[in-house]
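As written, the chains take the letters A, B, C, D and E, and residue 1 is the first residue of each chain.
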Amino acid sequence: MLRGIIRGNIVSTRKQDSLVGSKFMEVQIKENDELTDKYIIAIDSVGAGIGEEVLITTGSSARLALHNTSAPADAVIVGIVD
Amino acid sequence: MLRGIIRGNIVSTRKQDSLVGSKFMEVQIKENDELTDKYIIAIDSVGAGIGEEVLITTGSSARLALHNTSAPADAVIVGIVD
Amino acid sequence: MLRGIIRGNIVSTRKQDSLVGSKFMEVQIKENDELTDKYIIAIDSVGAGIGEEVLITTGSSARLALHNTSAPADAVIVGIVD
Amino acid sequence: MLRGIIRGNIVSTRKQDSLVGSKFMEVQIKENDELTDKYIIAIDSVGAGIGEEVLITTGSSARLALHNTSAPADAVIVGIVD
Amino acid sequence: MLRGIIRGNIVSTRKQDSLVGSKFMEVQIKENDELTDKYIIAIDSVGAGIGEEVLITTGSSARLALHNTSAPADAVIVGIVD
């Protein structure tokens, strides 16, 4: 899993039906308490907002965090770091 | 998920039967609003064209965005960024 | 699989229900007996602690090491190196 | 998906039974029409030969391109670029 | 798939029950006939030893090469290069 800070959200009106309602967040990855120059786009599942530090699950496991587990998602925010 | 700009399309006449009809797009990845030197080839599922900014899902989840979910695809364009 | 040294743990109170009880560890990856500057966050499944050297399984296979195999996890500590 | 040029083939007599008959090709990855210094080994499924430019699917989706979909393969050549 | 030279083995007494009996090998990756500075840990399934050149399958496909296909493994040695 990855951790990082949410830097922005991405709006996509024309998208797959199964992704309607998904909130796409761009997250800057943090490693060993330092920010890196790596970014990932993840769907929020816990109500996280810009500036918050979050945990991200990637790959096919990510879908298990969504209501619609057959949505074509490969990265989901699964927790907010305290 | 990844975001990027579609730079071109790739034509393959001799291919797996289950990929017939697929549109292969080469996409330049964008991170934190800046273009990177990373590229990925993704199958279009939303009618995106060259020059448009798109969202891409990778891995086995990508197949869920295709009509034929048993096609050997590992990257699919699932949305167009506004 | 990856090996590395556990450097810390990450606390997340607001998280997916299926991850309640999971211990998130930040692990510094080791390659060829040398520490690298790569880090990964993995859920512990073997009672490992900070400073211990561990084996990590990533991707969808990782979930098979958890009691709840439908938890959205993509990296799990599956062994402690002697 | 990835594209690249087939540079050689790899012979393995002692291997998993389910891989008997597989042709392992070493492919040099191409991005944005330029060759990179990245290589991957993929199983051929379309009759491609050394020097040809091909499309490769990676991950668990790759297996769907093989006759034996339970073979332990993670990269398969699924098309030849025109 | 990846190729590389087995450089050592890793001993883990305290591990997941489903991994008991697995031989964990550290493999130095080779690309285009040259050794790289990348390493991966893979479970042996073909009786390979230190110094031998091998083929490795990664991801969920790797498990298909093991007797216990529900073991939490993400990299398995599936062949020995001639």
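By our rule, a residue touches a chain if its C-beta (ideal position, glycine included) is under 8 Å from a C-beta of that chain, and two chains touch if they have at least 3 such contacts.
The structure displayed is predicted, hence computed values, not measured ones.
A.B. asks: Return the chains common to the contact lists of chain B and chain C.
C.D. replies: A
A.B. asks: Just curious, how far off is chain D from chain C if you go by their C-alpha centres, in Å?
C.D. replies: Distance between chain centres: 31 Å.
A.B. asks: Could you state the distance in Å from the CA-based centre of chain D to that of chain E?
C.D. replies: 19
A.B. asks: Pull out every residue in chain C that's touching 2 or more other chains.
C.D. replies: In chain C, residues 59-60, 62-63 touch at least two other chains, as defined above.
A.B. asks: Which order do the chains take around the ring when read from chain B towards chain D?
C.D. replies: B, D, E, C, A
A.B. asks: What residues on chain A touch chain B, complex-wise?
C.D. replies: 7, 10-16, 18-19, 24, 26, 28, 37-43, 59-60, 62-63, 70-75
A.B. asks: Using the touch definition up top, name the residues of chain E that touch chain D in the complex.
C.D. replies: Residues 1-3, 31-32, 45-47, 55, 57-65, 76, 78-82 of chain E touch chain D in their complex.
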